[in-house]
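Given below, in the form of structure tokens, are the structures.
Both of the next two complexes hold chain A, though its partner changes from chain B to chain C.
Up next is the complex of A and B:
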């Protein structure tokens, strides 16, 4: 997982001997099993979605391409749904779509959050007051419900990409708040003061001195945002406010609810999305807990 | 607590509510498509209605809903209506007002969610405190991992599993609904029992999913209090273990939990929308779900506004009461 490696590079502070560095990395990762297990689970999910199309005919993720309502068998290991989708193909197609929603929202949220957090934290004054005020007001508003309004208004034309952007619209406040408070404490550190005194220009200070020290935080809040975004998108989709023709995991849940899969005893229809969603959230949860330990060394002792 | 803080806080409440109303007004108007026209066309395709005269009908309806007036006037009218909780009529159940339908659904949701929130708070807090307590049996720690797993996944997935196992396969509980189909809501023992029977599975799925986060919260606070001087003093006095646990450790660790409880009671309306959908429970969630299915916009926006209003109200109350409860906070 290269996210973890980037964080690691910052942490180890790069002594020139790469053998030593590798050893330290290894030692550190052994002390942080959460991050390792979470990353391995996530890699497994990525492998499933990238290698899956080589073994499974992804055309069968569309309706009426398989015999409807058949229990898992050798031909259809995950069974088929009411409209004749092969649920194994749906898993292969749907998992990356759901990941895509989360990644789009996570990247947008972190970008906006970083820009606002850096600006507010570093400049201070009325800019800080304004940005913090907006974040605080928006944080009291229940995200899912506002997203329902947005999604209901554009329901007919939602694609996976717009879904990501819709979710991102209310995902940047928390990163902005945490990054701001981190920048506030970084700003007062001695080396930043030294850089200022030695005549370094503001952009240079931000990118050469503050950003590298912010990376562990960015990584932790990125994983957190992705997880929150996927949670929100699956919630919207389960209510019927998702991409109507794309078999994301949330839409599969939605269809299984609308067609009363459980009441009709079609257990395999819900097992596939539920299992994938549980693995996905556990891996994101473990990764963000692990990254949090790197970003906040104080947590390491509290949890041991 | 000074007056300036109170005024500022109440001001913020109105800003949030006004913002929610404004969002409800402008978002549908920014969206492509004309709801009146699309609604009429949908009705025509359903009933095989004549195509001629549609434009006149669109005009007539737009005049009826005030859509032919300039935007600022529509906006002011809208704010005025919202101030009176007038969200317009339901499109699918036409003579019914959106507000009446929401009011009919609210007691179900509030009842279910208040009970489950308090139960999961109580169970989670006691469990988490016991796990953090050094002298409690080690077996308790085995509860933590499954509880955390349940907290990490969306709660409605658990609901789907519970329906399949306990209602479909074992037939211990009814499959769906809030009460036996065909009976009329009334105040009788039979009916109350029926309602309880129908709400056990939805309640269980909400409680199981929520316990973990309550347990984690209190556990962290218990670890902090265990290092305090008064704990050492209580032990030195030779007090009974039980007394130290409940009177000294738990009591001092409770405050953040109580705040969180108050805040989550503010979320009772929106807390479990999708669980209601899974169980076709007759609350706000199912109302919203059906409104989304039938593009019943006035209900969607009405529900959204009511949810934001209740949450803003709860946050306001907590923020105003908190300084009174905890004298250490000076605002």
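Up next is the complex of A and C:
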């Protein structure tokens, strides 16, 4: 028994091999190419929108600042639209605006969803019944109809921030439901029982014991919420219910539809926003799937 | 015998006993007519049906019985941790402490929360999973201490953790490890250290050695006995392993179908078991000399017990 003790002690006292940790991180990232590729694509888009203003005159995102209706050329790589906007400048200005709407909506949705999901899942009983009921009812409401009504009823021009909040208003139910289901499983774990036996208070148990276990899951659902919010905001904007004076990606689609870009052969006008949106969604999807693998080890592939 | 010093070395917990256990006749915990009820589709079910016993100061009391006999439910009821819809319908749980007596059955939820760990602590069943996988061992000590003393400083917590880890024979470096980096026996010793963080008067151990091999089992039991001696607590040991209990407890209570059918010293229980269920429990122990003793010992009283069980279980016939 003494021998066992010594071995145990040696194991515990062994200095942590930092190289090992670095190697395993690298190995893990290689096994999770989705996360790496998605993150790199996303970083590329961020670089485009933050470094872009250094190379492109963003004033040309306003109408009447460039020669209208020119196909992509050396001077205007993305071409110009009917109103005389340089579409490269529009892309540089519009992408961060669209991201901003998505982030505002995503943060608000996850925040509300996490609080409600944790409360409903952990407390259970009538609190759970109430929160779940509200979520279920709101989930059956066709979101776009409500969003159109809300967006249309806002007087004057809508700002990017308001746009984000409008989208967030109907984006928190799904995170709330999924987080609740995670908590339902976590709260039955033996270490939660142990925490209760140690006399910990309910808020302490929720935030110190359950929350850390939820973090990878929250990260994955946050990315999911952001992409859902961006999709919803673009849908509204393409219908003309977005910020009229801002050149967001969705508004660019709206203007190109309004001025019959496709029929008139101005393909570059509508291709620019759609191509950016595709790249954006691809990167968000890949990151979400990659994070999901961390949160849900069963999705992981064996070491290649 | 040299007295162990307070150094960081992992000492064999029981090889040198510092403190000798003093068992007195003074009661520490008195459970009177405890009843726990669960409503079911076929009417109310009393999982614990009028259990009374006394745990004396410094004593080791064992609760033994088969699965479903109500022994774990009794332990959880003392901690007031019965999950709804189950509830304690009657009984008193008297804790004699600091010269006074508190009936834990009547405390408010907040008062009871304060009692947990500081007055009565419990090492839960299945302790293999009792540590939060994403938190380090030291975080567990921090959480437990802060739940009872918000003003505790980092230094005080670290100091207390050092003492506790030494008490259970773990190296101090264990504090920075995650649970998955510990062996089963080490995890269990961390759980024991956590349970005595605030030096409670009563430690309830609910099958603390299930899922451990016999060697580790023995060391965990020694650790438990050692820390009990150090803090002068009483231990309520819940289990089903008569052999294990025989080596550890002073007195034993045999539970059967929600009732405490026999309470006596461990010697008397083994020498002269009165209740047929107790006789069956003891005869179920394998012996070196009598192989197949269980089959041979199938006496009239055994048959009676078996018939009793069969009668209460629909769908079986023997």
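Rule of thumb we're sticking to: the second predicted complex is superposed on the first by the 280 of 304 C-alpha atoms of A that agree within 3 Å, B and C clash if a C-alpha of one lies under 4 Å from a C-alpha of the other, contacts with A are read in each partner's own complex, and residues count from 1 in each chain.
The definition used in the following text is that contacts are C-beta pairs under 8 Å (C-beta built on N, C-alpha and C of every residue); 3 or more make two chains touch, one makes a residue touch a chain.
Bear in mind that the values here come from a model prediction, so they are computed numbers and not experimental data.
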When the two structures are overlaid on chain A, which partner does A:190 contact: first (chain B), second (chain C), both, or neither? second
Where does A:240 make contact in the superposed view: on chain B (first), on chain C (second), on both, or on neither? first
Is A:262 touching the first partner chain B, the second partner chain C, both, or neither of them? first
Where does A:54 make contact in the superposed view: on chain B (first), on chain C (second), on both, or on neither? neither
Classify the contacts of A:146 with the two partner chains as first (chain B alone), second (chain C alone), both, or neither. first
Between chain B (first) and chain C (second), which, if any, makes contact with A:213: first, second, both or neither? second
Of the two partners chain B and chain C, which one touches more residues belonging to chain A? B
Looking at the overlay, what does A:157 touch: chain B (first), chain C (second), both, or neither? first
Partner chain(s) touched by A:278 [first = chain B, second = chain C, both, neither]: first
Residue set of chain C touching chain A in the complex reads 10, 12, 79, 81, 113-118, 121-122, 124, 126-135, 143-144, 146-148, 169-171, 173-174, 177, 183, 186, 191, 194, 197, 215, 219
Which chain A residues qualify as touching chain C in the complex? 1-2, 4-5, 8-9, 12-13, 189-191, 193-201, 204, 208-209, 212-213
Touching residues on chain A, where the partner in the complex is chain B: 137, 140-142, 144-146, 148-150, 152-157, 231, 234-235, 238-241, 253, 256-257, 262-263, 265, 267, 270, 274, 277-278, 281-282, 285, 302
In the complex of these two chains, what residues of chain B are touching chain A? 12, 15-16, 19-20, 23-24, 27-28, 30-33, 148-149, 152-154, 156-157, 160-161, 163-164, 168, 175-176, 220, 223, 267, 270, 273-274, 277-278, 288-289, 292-293, 295, 297, 300-301, 303-304, 307-308, 311-312, 315
